[in-house]
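Presented below are the structures under discussion, each in the form of structure tokens.
Below are two complexes that have chain A in common, paired first with chain B and then with chain C.
Presenting the complex of A and B:
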């Protein structure tokens, strides 16, 4: 009864408050704009993936046609791009583009999908440098702040709206003198504040969820109910955290101005300062090796390899004795020498990038350890994971591409070393990339941890607010 | 306390038993004993800081007593917060309402909080008129109301609640004589319905006119009390001033 009464009164107060209605309207516009941004990005990514797939088919058809023509007596179009040569068929001309489809809810959270590559051209020359030319040398936290999408609005702007709506939820009643009259009725301050905040939460969360579901309807995938539920749960828990924090601060019985100062300070610390501090700490404690150093090492290795081709081939065969028996031509051809040089460069690169990867892993571990301090980081993690645009999905994609690149090399390199020629019959055996995308259940399990911590923080704030509001009397 | 007729134990609507309140080193209320029966208007007189508002706040449960008990219909306010508030109505010195809502909307809200949500808008509008508000003011925003009009909405809230007891904290402070008279008439009507009224006031004239009993407080203690029919206006003023001197 109390809740219904308070909620009806809140509705009347909202209807009578023009500035508040304008603020809510602006927020709704921001949500729609953010969603439109996400939808545009998703469409772009879908079209890119489509183009990449069409490219795979077109290249395969063109090569098949040329090989058939050559078998029928035609000359190759160019001796340097003769598709019978395994280093051409397995090289850039015959490359296969491995693609990662947009995550099921990418329209809601672009996440890292605009920073991390969602397609790789795989050929025999694919090496570690292929995986390090995509801006990810940046700190993982920088990668987390991306486009103006729905997740951005939720993580950064939603708390500000929540605080604007609730910083004076109780202090205003006291300041305008209605608190005494209210608490002279058979109601508790806790019940009244809870009902007032419930109304505001319904309004704000309702708007966000409505726009989210509209986004899923327009560009997403309702076939991933686990992800949709995860998204909704993160939105609700995060919004409620800020509402409850406002209630807690209000329960301290200070002025509205004091509440506003403290709550904006909390927003600054939890949403801006803490993530930035963790970012700086990650950079200071585990600095990434210089990118220039990595590129220089790559060039040095490449030059060295060119200068020592024969020696390198001998070393390669030493490392790969299976290649030495009958596979390698008696007189190493040009392709075999080139491959030996390529392999040497790859090995040197692996050494250099291993150090980089280790540091980056340490940075990520540090961020993961301390993300529990910031509800904004927790919410961000759950939202982008639910959307399928988090680093875990991209890491899984990259890992599968690495495996695929190895399969690709294993298919073509023996032929290169043996100076064999290939024909159209091998085309059906050429490896194809098939992404094994993560199951919703795995995502729910992984994102369940930060979500549980977020809910824990919400519980903590609720307990504080509950105790504080329990002490509020009409004579405060 | 026992009534002469029944001989059985009688429960006053409002009762203070050794009620005390201390704020740090200050004794705001010192072992107050008080009993107010249905249909009685008890006026608490005294200077600022005498303990009048503290007494009302203790009956409302707005502050916790340092000692003794505040009882409403025999129920201890400290342990029966909701039950006692159901039986009480309160009108503060300044009835502050939601300025962006109309008088009727304010009444609807507070009446519903008080457990009278089933009263229709028509009935509530009638109560506002009964409390002295002009019919055409009922749907106007409270931001356009005078203090007297807001006090009338406060009275209407108390009337709609049909409370057994009414607590008034200097309700006529700042009202013009006409509005004060109308206010007194409303209190008189509530008294006739058997409502027990505890009113803290500085207004000796209003206390004599409206009250059935008057108590004079000083330094947190009730220094004297008398029936208003036993004393004239001039005597009340004299007694009051006598007690204000050390």
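Presenting the complex of A and C:
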């Protein structure tokens, strides 16, 4: 009996089983629906990013127009938004929106992209508290539930289909009395199960990968082959893990009903209970530093700073002698005074936030260790990281915006301190945000760790299944 | 006689479950998970509440301890409020982690609440947390399925069903007994979580909890689990084998409890899309630009206001007004800008409510959604609690800002306005902020959809059992005949 016979046989059997046929069809439908959902979300993000970019251009043009008019003798439209003032040009009116393009495979995994902001308005008043703005104005209920995307179908539903296809891969033969017959041929139980499962795996993984690649074709780009490979590797490893687990349970020589119960139990524990329990345990063992405390500390910092404005200016000028030119120390301009307070607030905020962030990073590192316990958590992490919608990419974006905000301040603040006016000639030099997106290689390196662990779990289960199947005899 | 037979069958069913070591093991597991969830959640909620109270007190003290200040300076100084979680949030945290927890209140603008817990955790939180509500609504149904999928079918497979019928038990009595027996096991599994919740709520450690809310939760989860018990026995009675009953029930569980919530949310989002944050801010800005800028005295809106005041007091210039014109501008500007922002905010919330309503309709498909909706409502942790916080904080903000503007108008002279200070004694006269949870009656009244969905969830399987009653004997005979 060759592998081809097994596979042809299997195909006929599978197609004869109506519930399985329905399950396969339903799964294909869900895959397509999930992909459509992800594509809609990507388009929404793309159009938002487009609008933000257009806003940048529009604002710059309006300001340029007004500055030219003023040069030609016109009065500014309002003394409060006179674009010649550096705190207007660099302030809310002339702000620059820094945007993060949707990740290359966002259509496949929405990930954290509906929760974390992907654009920030940057102006001279941008400080740490600006980064606490929320993401989209999404209903909290929808955020809690999460999106119906491919990553969800893969992490939650794919294992169930795999188990439905393979819980009785060996036990059924025994129950129907064909096992002895099959094993009397020159094949091993290992070979039979491997052939049967290889066929099913090809079917399931093929379906998922086909839809994924179609999704990349429609709404992503193949410009990031590393990410695409990572995605495919995670899908294959995760699906195989469940197939092999089913083979292992089958090798224990129990009834089909027992296999089904145990496998569904394993799914429940690994996909639903364990992650939920880890989340609650992590909160108890490694509580994140209090957000309320941080907000209050930030608030206190700004109060202190505002209360001691003039001392602050003196200190600021001492710290930044390069800025002191043009500022008459005894009689500082109102703008300079206000800026000194703003700057002091920012410094205090940075201190408070840095302390909070450092503690938070420590706790999160501890919490993230627990993800090695569940293949579902591992797969989820690799998938959203490959898609460019994981926590790390958003953190990198935020830190680049932080640097950009500094550049922005450095550009406008000297003029504020010197009470200078600006004109149209500076417009071409105003900083522009350019995102240095993470390279595919970095992503592969980062997501390689959970992927390696996932593959390790797969190896472990394979070893168990191999040993177990080696003991199966036709006479069982 | 009928009741006695049903009770006998129920005892038989409980006995069968007790003999099944696998089910007993699962029972222990579910109970252990439930108790861990209650204790963990209570600890989490208590430490959060303690911190929130501490910092709210600190912020209030800072407010009162302000030095003599100009009222407009205080308007910009602002005030920080924190969202208090409902006492029952330890049982069902609802959308709490996904909504903002602190809100900065200041003049001229409505900030949005930020610092939601989820923003600061990792993507792992998407898998949900093991809360007492999750144990009852997700895990217990599965336990009910495992404890009851064979209740009728195993009797049939062993041939004892015919014996029972021959001994005079009617099909209705047998089915009632199976429902009672499986229900008793389910109740046993749910009891520890329920008792622990009642004990914590009753101890007052998490704040005052009304008995009505606890009873409401008991009723919701009672009904929800009863539906699962009925469905399980129904599937067991009409499927030919225990195995196919189990497969069917597990498929139903996955569809209703795992897939339906996400499907529902995505359908809701597709039917009623919300604007992006950038778009929303832009809308607010456009609307604000239409009325004008209270900081700009040349603005047409404020010019006509000035003319009106000059005419009313019959004077020639704002300097001669008996009230402080600067304060009047500030007050009227605040009134206009608050109204506009509130309108925009209402539109947004209306959009979110429309999405939530789609999910309520989905409750007819998935009782899990209906039970979750009701559970959040009764626990006081649903979207409307978050919205109530926002609305109350906004009302508080408006009240405080306008009091400050009134002080500006009456206590500060127009001449040399900014050099004057208001005595610090005034600060203590301002009201403090406290979240008032939306009343239980109102939140439930707005959830008639979920309530009827949950009732249907019991009625439909009950109806099915009524129909299956007639078939019970026949299915048994057909099977033994084949």
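The definition used in the following text is that the second predicted complex is superposed on the first by the 420 of 476 C-alpha atoms of A that agree within 3 Å, B and C clash if a C-alpha of one lies under 4 Å from a C-alpha of the other, contacts with A are read in each partner's own complex, and residues count from 1 in each chain.
The rule is short, and it goes like this: a contact is a pair of C-beta atoms (placed from the backbone, for glycine too) under 8 Å apart; a residue touches a chain by one contact, two chains touch by 3 or more.
Since we're looking at a predicted model, the values are computed, not measured.
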Partner chain in contact with A:290 - chain B first, chain C second, else both or neither: second
First, second, both or neither for A:176, with chain B first and chain C second: first
Which superposed partner A:17 touches (first chain B, second chain C, both, neither): first
Partner chain(s) touched by A:185 [first = chain B, second = chain C, both, neither]: first
Chain B versus chain C as contact partner of A:408, first or second or both or neither: neither
Which superposed partner A:9 touches (first chain B, second chain C, both, neither): first
Chain B or chain C, by number of chain A residues touched: C
Chain B and chain C contact sites that coincide on chain A, given as residue numbers: none
Complex contacts: residues of chain B adjacent to chain A: 57, 60-63, 81-83, 85-86, 88-90, 92, 94-101, 105, 109-110, 112-115, 117, 141, 154, 157, 167
Contact footprint of chain A on chain C as seen in their complex: 22, 33, 36-37, 40-41, 43-44, 47, 51-52, 55, 58-59, 62, 77, 80, 82, 94-95, 97-102, 104, 112, 114-131, 134, 138-139, 142, 146, 242-243, 246-247, 250, 254, 258-259, 261-266, 268-270, 273-280, 282, 293, 295-296, 298, 348, 352, 355-356, 359, 382-383, 386
Parts of chain A lying in touch with chain B, wherever the complex brings them together: 1-2, 5-6, 8-9, 12-13, 16-17, 176-178, 180-188, 473-475
Residues on chain A engaged by chain C in the complex (per definition of touch): 19, 30, 37, 40, 44, 48, 51-52, 55, 78-80, 97, 111-112, 115-117, 119, 132-148, 152, 156-157, 160, 256-257, 260-261, 264, 268, 272-273, 275-284, 287-288, 290-293, 295-296, 299-300, 303, 306, 360, 364, 367-368, 371, 376-377, 380-381, 384, 390-391
